[in-house]
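Alright, structures below, take your time with them.
Paired with chain B in one complex and with chain C in the other, chain A is shared by the two complexes that follow.
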Partner chain A sequence: MKQFEISSKQKSVLFGFMGVGLLCLIITFFIDDAYRPRFWSNFLINSVFFTGISFIALFILCAKFIAYSGWQTVFKRLWEAYTQFLIVGLILMAIIIVGLFGGFHHLYHWNDAASLASDTLLQGKSGFLNAGVYTVLTLGIVGVWYFFARKIRALSISEDGQTTFSRITHQKLKKWSAGFLPIGGFTSAALVWLWIMSVDAHWYSTLYAWYVTASWLVSMLALTVLLLHYFKTLGYFEYVTVDHFHDLGKYIFGFSIFWTYLWFSQFMLIWYGNVGEETIYFKTRQDLYPALFYGILIINFVLPFFILLRNDTKRKTGTMVAASVIVFIGHWLDFFLMIKPGVLHTYHEVAGGGHGHASMNADQSMTAKLISDAGAHGAEHASTFQMGFTIPGFLEFGTFLGFLGLFLYFVFIQLGKANLVPKGDPYLGESMNHHV
Partner chain B sequence: METTNKSILFGLYNDEEIVLQALKEAKGQHLDVYDVVSPFPIHGLDPLLGIEESRLHIAGFCFGLVGTLTAFLGMSWIFTKDWPMIFGGKPYWSVPAFIPITFELTVLFASIGMVITYYAINGMGPGVTNPVLHDRLTDDKFAIAFDAGNASEDEINKFKAFLENTGADEIQMKTI
Partner chain C sequence: MSAVVSPIREPLITGRKSYHDITEDICAPSERAPSLTWVFAFIVAVTLLGFGVFSILWTIWFGIGSWNLNRTIGWGWDITNFVWWVGIGHAGTLISAILLLFRQKWRTGVNRAAEAMTIFAVICAALFPGIHVGRMWVIFFFFPVPNTRGPLWVNFNSPLLWDLFAISTYFTVSLLFWYTGLVPDFATLRDRASGLRKKFYNFLSFGWTGSAKHWSRFESLSLILAGLATPLVLSVHTIVSFDFATSVIPGWHTTIFPPYFVAGAIFSGFAMVQTLMLITRKVLKLEDYITLQHIESMNKVILLTGTMVGVAYLTELFIAWYSGYVYEQFAFLNRAFGVYWWAYFAMMTCNVLSPQIFWFKKMRRSIFVTFVMSIFVNIGMWFERFVIIATTLARDYLPSSWSYYTPTWVEIGIYLGTFGIFFTFYLLFTRIAPVVAIAEVKSILKSSGDQYIEEHEKHYQKAIDNKVKQH
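Presenting the complex of A and B:
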């Protein structure tokens, strides 16, 4: 039972990642135009992605506590460490909020006064979509999540100090978990609407929150598999066996299908209903983001499905690591595709001098405008592939690396603050003898 | 009707942990265990008995694939060649509309195919009687069974000694 401590090598690598990320953000900031759509959308994508991962880790941890689940106990400290990142997520989202009030960014169409004045739809939604509600709910809800994350981690760590076996702390842990599940479940939906869905301010979908949450969940599980394999090579988490990886593999497999199910449910209803206000969301993505639109279905569904379908691939390091890397990047690309088109639309509305602005058909003219704009940008060939806008460029991946470094650094620090093996957890024995 | 007429020597145990321990010992003594009967699946039993991983799931995949192709090709043919109809202004070959039925037929073919395969391989089905070693094996007892029909007197004594030493409550011989 080794106490984890972040090594100087890990520190320098992770600071290197963060340095790359910061450099990419700075470069993006300066090569961007005055409205900075690329800089701020990159910032939003990564903030939401990693904050969501830490939220879903807390949610799953709570679900496991109250479901009397035991197998995750040997590595639950890793998930607890994820949840502590919520405080950083709070700061990152606070930066977005500062930008909202300061007018530094134009991520959200509903925050643009000129658009709001002439747009009936935005006016109708302004009771919910406004800077005040955004601020209160973001800070309030992430704050509550962080409060629960701290409470649950503190209770979990306090179990380690017990000299005699007692279930009282674990009962308390269960009560706090039971409290968090409904709170986390409902509030996360509200934050998904505000943070991501309102980027496409005219559009809405009722199962969008589930879809986003499924994306977070698969990313979280993939990152867990990768980190556990990494830590095992260093000699930590010695009780994590191939059986735990087998179960994590089943989770990745199952929730990749769940994600696809939600993706398709959303797509098919909108396709079938054929209402212009709704289909524009997919029309834009099919026409301007074809590589990503069809690509994420392949890397988030087809590949994990066929790689992890067999029994033995979930037990082998190579296939599990490969599948995890694929879906982790795949779901980050999913967030890219959720956020970038809407931000670009807002950018064109705000910066484009308002052609089609006053008309009721603002959305319908959007596709045509974006295509013509794509042509104008890459003057030599009217391509739909615009680095940084319709497909991620090096700066996007660099920024992603930076945020990943920040997340991992924080997780590593948190791992060092407690025993890696929760020796007071009543389910530890069950988890150590876990057999699939 | 199955008529095997095997004489089976078996010992009844009270706990699955004892059974697992006994099986490890049987492996050490190179005893040829005929079967283990338990009211519920025991973790770690299959490798001790030398049972290979079932290939039922491969059959399941194949059945599923047949279902996928049946549904998808079937609908494609019906809606483009056999009886083209326009629904809601969509093209004849509307792939998204085919997906739910394709999914359902995949599940249906895979599940029914696997059930039939399982029944066929195990010789189960309507009208087949299954020999029961002991009534309490479906409730709270566990049995390790040896094939006594082909064994010599010496071996049978060895089996009996083994069952006694590993903690069997009761030792019985039964012809099934």
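Presenting the complex of A and C:
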């Protein structure tokens, strides 16, 4: 049972990632337009993506504790390490909040005083969509999540010291987990509405929160497969076998289908209902972001479905790593597509001085802006393409890499603080001898 | 299945049973003469069934006018009952397929009866669309077969048609799944029987000999059917929810409907399983196979799905306000405080508030509380459908057409009749087939039998140490 320690090589690579990310953020900041929509939306996408991954890790851990699930025990310390990132998530979201009050960004249409004054819909929502509620709920809820994450990890680690496994500690662990599940279930929906859905401030969908959560879940599982494979090459997690990967593969396969099910339910009902207030969300994405709109369905459904359908592909390193990389990037792109169009639209509304009828003239205002931009940049002809919004550019991927580096660095540090093998867990023996 | 079992797990078979005891205990109910209780229950069920048939004939003879449907409320008890029964029909396949994929061993005690219940519930459900068309003799118009009706062709754009496909597919796969599991158990009964009874079970068991080849094919088939059944379970109630959500009626057109209907269906299905299993285990003396541990696990599922449904209710309420759409806001205000406020509060109390008592272990393990709760949940889930359907339709865009709806005796009679169908089938099932899957329970004896649990304790630490030494 090797104790994990972050190596100097890992440190330099991860700091390199973070350096690239920081550089990309700085470059984005300086080449960006007024109000810096590209810079801030990149910041928001990555903050939400990685905070969500650590939230869902906590949620799944709790679900597993109370469901008498044993097979994940040999690698549960990795998920516990993910959950500790919530504190960083809290700080990242606090930066967004500072921007909200300081007027540094226009990520949210509802935060713009001029728009609010002329927009009845936004006024109707202002009881929920305002900087105060955003701040209180964000800090309060992520704070509570972090509290649970710490408590559950502390209890889990306290099992290690006991020579024979303690039913009492395990019982406590189950109680705290059971307490977190309803809290996490209710509060995550509120944060998804505030952080992501309110980017398209006029639009609403009751399914949205569950859809976003499913996206986080698949990303979290994919990252777990990738990290476990990496750690095994270094000689850590020696008890994680091909059978554990097989089960993780089933999860990625199953939850990719689940994500698609939610995607389809949301899309189909809105398409079939054909109510303008609702279809605008998909219409914008289909017309102006076709590569991403259709692309994420291929990346997040078709590819993992066919790659992981067979039994043996879930047991082979090559196919599992490939599928994990695909869906991890795919779900990041999903968040990209959730956030970017709304931010760009708000930017045009605010910067272009649009008054009301915001959702109606999206195309025209966007085109007008792009024509003027294209002229300024000396382009031959205008198109609706806008780098960093229509598709992610190098700067976006660089920023993503930076946040990934931050997340991994934090996780590695946390892994080093406890045994990798939870010696006192009552399910350890089952997990070590796990066979599918 | 992992051979090493943590001693923290509770036994799922009690009474230190041997393989032979299991065969004896589970076969016994179908080998003795029916008890007086059974006969009495059967008479009641058949009477209800008869009354249901009478009410249906009344409907066909006099037409749908014998129901109280009115100008805006074109869907009343019929569709409410339809959705309610389809929902109940979710637990069986969920237990067999999804819990199989999640390797939950406790499913073996209850899967057989739950699957049977699924099939009977789906039969009850399928009845309603059939009679709701009014002219039952043209029911074959439902099916997209070549015909001479010209433009009278099914509407492929209609979720009602998708429903037909979803439910008939689900029914077929559930039936196959259930029957596949029954084959080895019928063979066990056959081997113990003689005379006509032996011939009967010989026919039912397809000449099963229990050879390795048979088991191998049995396992492959079960796995394939489980793989097919899993998406089907989700699809059925998803499409039922589409019946409502594809419309543009405020209160119906909401994207959360598909997953929320599925959660609600599992919720009500488990409640019905509880109702039946609590009686069955007592009457047939199967307490060693359907233990308190099973009941507690099912109560946890009820708590989980009940809370999920609660999250969905609150999401709907919140988003209705958030949408800024006055009709949507009115629809939900009307649900809670309109003419049918009592139905809404019955729904909220039974579905969201009352299952919360299952946070306490004592309550989860109390047979009395579980039984009362299982009835509560079924009442609550019936009201949920009634709230969605009647409350919404009673208040449409034109205040001049606002109306109120109460069922006639015919509608109530048909509903009671479905209970007759359901219980007649279920009672026959308990006489003919083993209500607990014999072969499946045997497969978990060595890992979950109480006498082996004590053995696990001794070997468990050794299993860990051996593994550590290997590395």
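Here is the rule we go by: the second predicted complex is superposed on the first by the 404 of 436 C-alpha atoms of A that agree within 3 Å, B and C clash if a C-alpha of one lies under 4 Å from a C-alpha of the other, contacts with A are read in each partner's own complex, and residues count from 1 in each chain.
Note that in this section contacts are C-beta pairs under 8 Å (C-beta built on N, C-alpha and C of every residue); 3 or more make two chains touch, one makes a residue touch a chain.
Because the structure is a prediction, the values reported are computed rather than measured.
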{"item": "Clash or fit (per the criteria above) of chain B with chain C on chain A", "value": "clash"}
{"item": "Chain touching more of chain A, residue-wise (chain B, chain C)", "value": "C"}
{"item": "Contacts of A:Phe186 with chain B and chain C, given as first, second, both or neither", "value": "second"}
{"item": "Partner chain in contact with A:Ala94 - chain B first, chain C second, else both or neither", "value": "neither"}
{"item": "First (chain B), second (chain C), both or neither touched by A:Leu116", "value": "neither"}
{"item": "Which superposed partner A:Tyr272 touches (first chain B, second chain C, both, neither)", "value": "both"}
{"item": "Touching partner for A:His435 - first (chain B), second (chain C), both, neither", "value": "both"}
{"item": "Contacts of A:Asn311 with chain B and chain C, given as first, second, both or neither", "value": "first"}
{"item": "Residues on chain A lying within both footprints (that of chain B and that of chain C)", "value": "268, 272, 274, 435"}
{"item": "Complex interface listing, chain A residues touching chain B", "value": "264, 267-268, 271-272, 274, 309, 311, 435"}
{"item": "List of chain A residues in touch with chain C within their complex", "value": "1, 66, 68, 70-71, 120-121, 124-125, 128, 164-165, 167, 170, 178, 181-182, 185-186, 189, 193, 204-210, 238-239, 250, 254, 257, 261-262, 265-266, 268-270, 272-275, 277, 426-430, 432-435"}
{"item": "Chain A partner contacts - residues on chain C that touch it in the complex", "value": "1-9, 101, 231, 234, 238, 242, 245-248, 253-259, 300, 304, 307-308, 311-312, 314-316, 319, 322-325, 359, 460-461, 463-464, 467-468, 471"}
{"item": "Of all residues in chain B, those that touch chain A in their complex", "value": "43-44, 53, 57, 61, 88-89, 96-97, 99-100"}
